[in-house]
Amino acid sequence: MDFTIGCTLPYRVKSPTSFVFNIEAVRHPGQVITAETLTLTPDAAVERWTMPESGNRYLRIDAAPGPFTLDYRAEVTLSPVLEAPEAVTEIPAKALPLSVLPHLWPSRYCQSDKLNRLAQRTFGAETPGYARVNAVCNWIHDNVDYVGGISDEMTSAFDTATQRAGVCRDFAHLAIALCRALGIPTRYVSAYAHRLEPPDFHAVIEAYLDGPSGFGWYLFDPTRKAAPDGLVRIGIGRDAAEVAFSSPFGDIVYDKPVVWIEPKRGTVGAVTTQAVRAEL
Amino acid sequence: MDFTIGCTLPYRVKSPTSFVFNIEAVRHPGQVITAETLTLTPDAAVERWTMPESGNRYLRIDAAPGPFTLDYRAEVTLSPVLEAPEAVTEIPAKALPLSVLPHLWPSRYCQSDKLNRLAQRTFGAETPGYARVNAVCNWIHDNVDYVGGISDEMTSAFDTATQRAGVCRDFAHLAIALCRALGIPTRYVSAYAHRLEPPDFHAVIEAYLDGPSGFGWYLFDPTRKAAPDGLVRIGIGRDAAEVAFSSPFGDIVYDKPVVWIEPKRGTVGAVTTQAVRAEL
Amino acid sequence: MDFTIGCTLPYRVKSPTSFVFNIEAVRHPGQVITAETLTLTPDAAVERWTMPESGNRYLRIDAAPGPFTLDYRAEVTLSPVLEAPEAVTEIPAKALPLSVLPHLWPSRYCQSDKLNRLAQRTFGAETPGYARVNAVCNWIHDNVDYVGGISDEMTSAFDTATQRAGVCRDFAHLAIALCRALGIPTRYVSAYAHRLEPPDFHAVIEAYLDGPSGFGWYLFDPTRKAAPDGLVRIGIGRDAAEVAFSSPFGDIVYDKPVVWIEPKRGTVGAVTTQAVRAEL
Amino acid sequence: MDFTIGCTLPYRVKSPTSFVFNIEAVRHPGQVITAETLTLTPDAAVERWTMPESGNRYLRIDAAPGPFTLDYRAEVTLSPVLEAPEAVTEIPAKALPLSVLPHLWPSRYCQSDKLNRLAQRTFGAETPGYARVNAVCNWIHDNVDYVGGISDEMTSAFDTATQRAGVCRDFAHLAIALCRALGIPTRYVSAYAHRLEPPDFHAVIEAYLDGPSGFGWYLFDPTRKAAPDGLVRIGIGRDAAEVAFSSPFGDIVYDKPVVWIEPKRGTVGAVTTQAVRAEL
């Protein structure tokens, strides 16, 4: 499946500002970037860093006072792997690769340490594996209201567990915290998301499970708003703190960003009953 | 039903200390105190204040450095009113006596404002009235572990909603917060509790509902540990902040208090299927 | 000093709604209401309750769907007592009237129990009395930014102690929590406030201290935005939970309220160096 | 300076348990391990993983029910670099290596996003660089009580900022959160600490600054309990979540661990007026 994706981020810069952006699609075997352009207006030097443990592509750009716009476009081919959910099980602690441990630890917005009993009480009896993570996502979908503007950048899973309202970011944080409390390594994924309405950067999760092709990261969208096989991944992290799409160090005003994704070739969205893995 | 109740509170006072105690049984038509003694060792002057809006009996005692013990004993006759639960309904906001409003407001340990959606989502479809408050208590009993020592004096309903463990005080706070969020005035009651094991001061709740005898406060024990018709009430308040059994202003060490209640006459504990009201 | 005060509160009522209002000036010897009108459009029955322990005047009004406006106007004469701040001292716990105890307890938005060390560490060495409460207010003024819209109705003193930004309500909550942690009974006061810009309902605090005229409640404005002798008091409570100016039970939309206060006779605002007591 | 370090961790294993340990000294040019033994009783297989971005050495060991003891000993040579504090300055956002960004992000126990104003208000006017981080540590030392047992594993910098009491872990978390809020990348370091009384695993911090030898991590101990040049580093992370010395996946009881460090050769502890860098 091929997609064209992109975003336009317009700013009014008030003082000399260093921006760190994380908006480019990540590269991995299941997500191949066939064309890509980054346009800055006015033009500016770009410093790049790809985080080794995640592959996230961070850009730093120094902008002078005045209007500044970043425009990004890419052609991306996705080759997600679809599997039978009932064949995807959990991995006991003794068998987990030690390198996935960081995704078991509590993080800023995913306080799994404080949600341990809630997770055990509510999901302890679920069938381990894909079904249990799915039960977590269903529970969130059924018990948390999707309400724009009700949460903010400091809202965490601990808050949402009780306040029961939020946006995709909050849904993802709560799902991650609950899964980690259940002993399932889980991470945050920011993405361009086909069918998300209104279009925006989206947040979903990946849980580390044992499937027909071996251990790997399985995708879940607790909001159920996007097509699971129509997600172009940008950043992977412990939570939203790691994958902010824009971090300005300076005094700026931002105007509404435009985020888009268009399918170009192939069929999307026929996978609601299958487990999705972004790559082998 | 007649009970003998009492407590012995031993202290080692390190500096001159003013204690405020709230350990004497409250007086109301349904709870008549037929005999009562308060013994202080060494003896000391007692200043008394009965809070008009609750009837709580606060004592202030100044203790000099050295050992200090308070011993309280009373004979109490309870005349709870038992009613059919299905006849007890909720009172619409427009009909509530304005004087019960304070028990709808959020309080220190009962942040009903933050639990609004959780309450609506979980109990919104329950049958209004006694059944709904009972559903709240059942849910707490089923979803929160009773674990001594896991919470502390600063633990609140917001914490317990997520952390899912606590003692009678925490169960009561969570029940109160949820009921207030549902629009039901609810208050905290400290009590001597027959059948509580191990014996200690207990905490239960009262919800303001509309029953066969008119509007009134109905008793619920979210821990299900005590006999509802074997509760001798001490303090009534918005939450535990109002009815601390001992508030020392000074430097003291306390030893383990002894708290007890003995039935003297009458049958207790046959009321598990009836709504209990401490008085008309 | 005489003032004309008033407010206009416009609503669009979507479903039958019971409102509880607390917008009328409280009556006490130092605040005499010489004229008063309440106009409802469309007209509606008013049920009144004056809370015994505070004197707060609550109104309940049932409104049918459609536009609804409450308009309140009053003529008020204030006779605050001005005293030399250095003559106002603290009251030891053993001498406090037990009836002021509720204003020592932690409350929903004033978690004095969690702020104990911060209070002792920061203000323990201050001169006890008016000077210490003033030091608390100065510290808040110096360390917390007054920023509209940064906090919300769930923001508490515990939050503001760290986040360091808020509005008059947050300033008052933090001051109350700190004073209570220092052993000083302190309460929340909502008011019409002369010189407040922009005009709105204001929030200040009163601390219970020992002055030349005996024990009493002394006024402090941690925001320093209003004239201390130009405050017409509406509600007195443990915190904002008790004195919400409007509590709608129903589905409504509110438009911007208009709140005003005009001096009619007498001199206001020459008291910055004196302790102010609303009454003897 | 040479040290002998070690620890003995005794457990009673109740069910088959996978332990993840992080107790071995980390290897880097400034900390050379000349001898090392790990003894397990009963013996067991050890799986190792060294985290690329930190160098932390994690061990996984599966233990059967029964007693289980881990004993670790090592000889370590430290070569810290001592520099004049006044020559150590801050690095502007535009010049920070992007790879240190993760230590600017808020983390589970270091909510720098919520402490932004507190940090700016309190330390904004300090001299940037070593002096400012030192001012943060001094402020914590002066305003937070070191009290064992008052905090727990869920206590975070946001709590400590207000509650003002904790242990080395809490001091470190608060210092990290404040420094990150000031724009200074800062990380958590667990260590064997010479002169720490009573001996235990210790927690200190490192801030990323610009010194005479270039950019690098400078050591600070907000508790001031250990000798800065007598710290053998174990784990480096965003906060304590990453460097737990023992994470058991199973049912165990632990007995008191023994942790020790002995100087073997060289002078320690004469560096109170110098900036310490663990390596170049």
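Chains: A, B, C and D, in written order; residue numbering restarts at 1 for each.
We adopt the following convention: a contact is a pair of C-beta atoms (placed from the backbone, for glycine too) under 8 Å apart; a residue touches a chain by one contact, two chains touch by 3 or more.
From a predicted model like this one, the values you see are computed outputs, not experimental measurements.
Residue-numbered contact pairs of B-C overlap by over half with those of A-D, the repeat interface among A-B, A-D or C-D.
Centroid to centroid, with C-alpha atoms defining each point, chain C and chain D lie 46 Å apart.
Between chain A and chain D the centroid-to-centroid distance comes to 30 Å (mean Cα coordinates, whole Å). Separating the CA-averaged centres of chain B and chain D is a span of 45 Å. For chain D, residues touching at least two other chains, in rising order: 114. Chain contact topology: the protein chains form a single closed ring, every chain touching exactly two others.
Across the interface of their complex, chain B is touched by residues 114-115, 117-118, 121-122, 143, 145, 158, 161-165 of chain A. Those residues of chain A whose C-beta lies close enough to touch chain D in the complex are 18, 20, 47, 49, 51-53, 58, 60, 62, 92-94, 97-99, 101-102, 105-108, 110-111, 113-114, 153-154, 183, 241-242, 249-250.
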